[in-house]
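Next up, some structures in structure tokens.
Presented sequentially are two complexes of subunit A, the first with subunit B as partner and the second with subunit C.
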Partner chain A sequence: MTPFLKTIRWILWKDLVIELRCRETIASMVFFALIVILIFSFSFSMDQQAAHDVLAGMIWVAFAFTGMIGLGKSFSAELQNDCLEALQMAPVSRGTLYLGKVAANFAFMFVVEILLFPMFVILFNVDVVEDLSLLLVVFSLATAGLAAVGTLFAALTVHIRAREVMLPILLLPMVVPVMIAAVEATKGALNGDPLSLYRPWLELLAIFDVVFTIVSFWMFDFVMDA
Partner chain B sequence: MTIHRVIRHVQRYQGWVGGGAALCLTVGLYLGLLGSPPDYYQGEVVRIMYIHVPLAHTALLGYTVLAGGSAWYLWKRDPIIDNMCHAVAALSACFTALALLTGMIWGKPTWDTWWTWDARLTSFTVLLLILLGYLMVRTVVDDLDKAARYGAVLAILGFVDLPIIHFSVEWWRTLHQPQSISMRGVSIASGLLAPLVVMSVGMSLLFSYMLMIRTQLLYLNRLLDAKKGRLLHQFHMSKADS
Partner chain C sequence: MSMTAISCQHLGKAYGHYQVLHDVNLTLAPGECFTLLGPNGAGKTTLLKILATLQRPSEGHYEMLGMNGQTDRDALRSHFVFLAHSTHVYDDLNARENLAFALALRGQRPTDHDIKMALDRVHIGAFAEMKTRHYSAGMKKRLALARTMLARPRILLLDEPFTALDSDGTAIMRDYIGERLSDNGTVIMATHDPEQARPVTTRAGRLRHGTLQEIALDSCVRRNDGRDMQPDDAFS
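Entry: the complex of A and B
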């Protein structure tokens, strides 16, 4: 394994170990999402058909906002004991730091999504198709897009005042294409539509992921410059 | 001292740019309001187009300048370029907001609704949100160098995002009338086209004029802050000595 990949793996490993020891991020994300589900059920009095129609939208509202929690913590947690400075001083390229953090954020968000999806299906009592492998593709592509831009913005907002507010304000307009495509593709996958109907959305997500991973990877240097 | 030379050049030409803007906008408004025929379908209502479309064009042009300037700033770290970017962002945000507002006023009689989640309306709203986010970052970050770098990164990311946003909302829904001027040719009556072109030129000149003034203002502000900092420092030093 090249040193580049090895560094990425170490950064990912570090974040995963911290998470396994304190379970702070994932627990707070899941808890928050449960409250969101609760509020949804209060807000709209839904029969099964109505719930089926808006399920994809609700899922992505919940995922996007829980994602904000995880993304916000990924760099602000490093402020303790000046860990962030240590990471900045580490003799590794900044790009590995970015990619490692993206991988960690992706992992957290994806795990939370996998945990939450059954709750949505059960609590709103909707019928979904049995083969969910395509849904996993949709989830992973969209989550990768959120993590790619979100990690850069988390690093950007970590040093500024009111970072908890600034992260969603900056991130959500940028990921409008991800949200649209994710909702449309999730709808398609849940209904069991033929792939050709929502394939353009998957392609859009893939393009977004590639473009923004590259641009953010390159921009990360300018953000982390001390 | 190159910055001072740039500013001297800007000061020499800004009067011409401002005068050109005033001339074009006067002629354009006359042509648009009095000298052109009403539209066959839309009647007199169509005249708001002569404000709406130039505003939207200029806002997009401004965003392109912002992205270019940001890339240049990250490369050369030239403070006056950063001041220019800051000024462009504020002006583009104003023009975008005005384009949305005039669009709403136009939409009421033609589409019979103030607002609809149509593709171009949505992408302009997202553009406005990105610009406002940029301006907010510039106000909450105290460190000048950091504010400039963060802003530049945001502007470049937003610029890359813009076509993707455009395509995604275009696929999502489309109600807006198709563009009248495109690569395939012009599908607008020539009587309506002349005032549109004059107004577009005028609006871009107005934008440039305001940009020149505001960039100088922000640059002078920066100089003033630096001078204030030095004086305060001297003051504290002299107190420490005595």
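Entry: the complex of A and C
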């Protein structure tokens, strides 16, 4: 394994081990998402048809805001004992630190999404789609986009006192394309539409992921230096 | 090997209108230990953070081991360790995991035996598997020292290295600094305790209002009247 990949693996390992031990990030994400799902569930309890029409939107509102919690903790956790300084002084390219953090954030968000989706299925009486793998592809692509941009902005706002407020304000406008594409593709997958109908949204997600991962990879050096 | 380990030329740092460092010039050869004295807010930590590539100077430039501090930062980072006020320790990892992670980022892969030896040397080997959340400040400092030992840097940047350490820890820290100097390493140490630093100090300087003035070692650590210098004397 190359030093580049080793560094990414170590950052991922460190974040996962810490999370497995303290469970702060995933627990708060799941708890928040459950509240959001329950509120949606009560709001639409009288009108199942309306709920079905906006289900994909509800799923991504819950996932996006839940992801925001995880992203916010991603770098603020490094402030303990000034561990962020140690990362800044590490003799590795800033890009590898970025990719390690993206991998960890992706893992947290994806795990939470997998845990929460059954809640949507149960509370909104969704027919379980025949091909779940397509839905997983949508979730993966959209979550990768959120993690790619979110990790950069989480690093950018980590030293700001009001970072919990600033992160969503900066991040949400940037991920509007991801959200729109994710909602449309999820709607298609849940309805069992032919792939050709929502393939353009998947392609948009893939392009967004690649472009923003590359841009953020290069920009991370300046963000860490700032 | 370059004959100059650290060279600062007209280094300055300003935070807005507040000039923290002004025209700092310093040249250190391998094997030298420079003790940096000065009151709180004099700029000691700022100078160390600039050398540790955590901050950029507002003016001037510096080189370490012949590498430019502004343009060769990535290469430079593998040659020094900055032992800061904060210990850079993850509270939810144990000592062994903290060391393995920190050294992995430096491209090093210490064996379990290496880690055990380092932890034993700083006398926290018995707590290797304990989460550092439960460590005292002194134990965390010892862990940071163990990390530094395993990294074997050519340049050591130390900010208040004796703080939180008991007499045993202080002796271990001093022994290690002496060992690095014998191995042609270079040390810059900011401290409020010149007495603790005296045995390893080869040169000293005082930062006052952002200006560095080199002072004679004797006047730094021992007064002419023979009375041991008190920490505050160094700032007068």
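Just so we're on the same page, the second predicted complex is superposed on the first by the 219 of 226 C-alpha atoms of A that agree within 3 Å, B and C clash if a C-alpha of one lies under 4 Å from a C-alpha of the other, contacts with A are read in each partner's own complex, and residues count from 1 in each chain.
Operating definition for what follows: a contact is a pair of C-beta atoms (placed from the backbone, for glycine too) under 8 Å apart; a residue touches a chain by one contact, two chains touch by 3 or more.
Small disclaimer: the values here were computed from a predicted structure and weren't measured.
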Which partner does A:Leu170 reach: the first (subunit B), the second (subunit C), both, or neither? first
Contacts for A:Ile39 in the overlay, against subunit B (first) and subunit C (second): which applies, first, second, both or neither? neither
What's your read, subunit B or subunit C touching more residues of subunit A? B
Is A:Val17 in contact with subunit B, with subunit C, with both, or with neither (first, second, both, neither)? second
Check the residue A:Ala27 against both partner chains and state whether it touches subunit B (first), subunit C (second), both, or neither. neither
Contact-wise, after the overlay, does A:Gln80 reach subunit B, subunit C, both or neither (first, second, both, neither)? second
Once the shared chain is lined up, is A:Thr7 touching subunit B (first), subunit C (second), both, or neither of them? second
The shared contact residues of subunit A with subunit B and subunit C are 225
Subunit C residues touching subunit A - in the complex, by the definition given at the top: 52-54, 56, 74-78, 82, 84-93, 97, 101-102, 104-107, 131, 140
In the complex, go through subunit A and note every residue touching subunit C. 3, 6-7, 10, 13-14, 17-18, 21-22, 80-83, 85-93, 225
Hey, which residues of subunit B end up touching subunit A in the complex? 74, 126, 129-130, 133, 136-137, 140-142, 146, 149-150, 152-154, 156-158, 160-161, 164-165, 167-169, 171-172
State the interface residues of subunit A toward subunit B in the complex, per the touch definition above. 149, 152, 156, 159-162, 166, 169-170, 172-174, 176-177, 180-181, 184, 200, 204, 207-208, 211-212, 215-216, 219, 222-223, 225
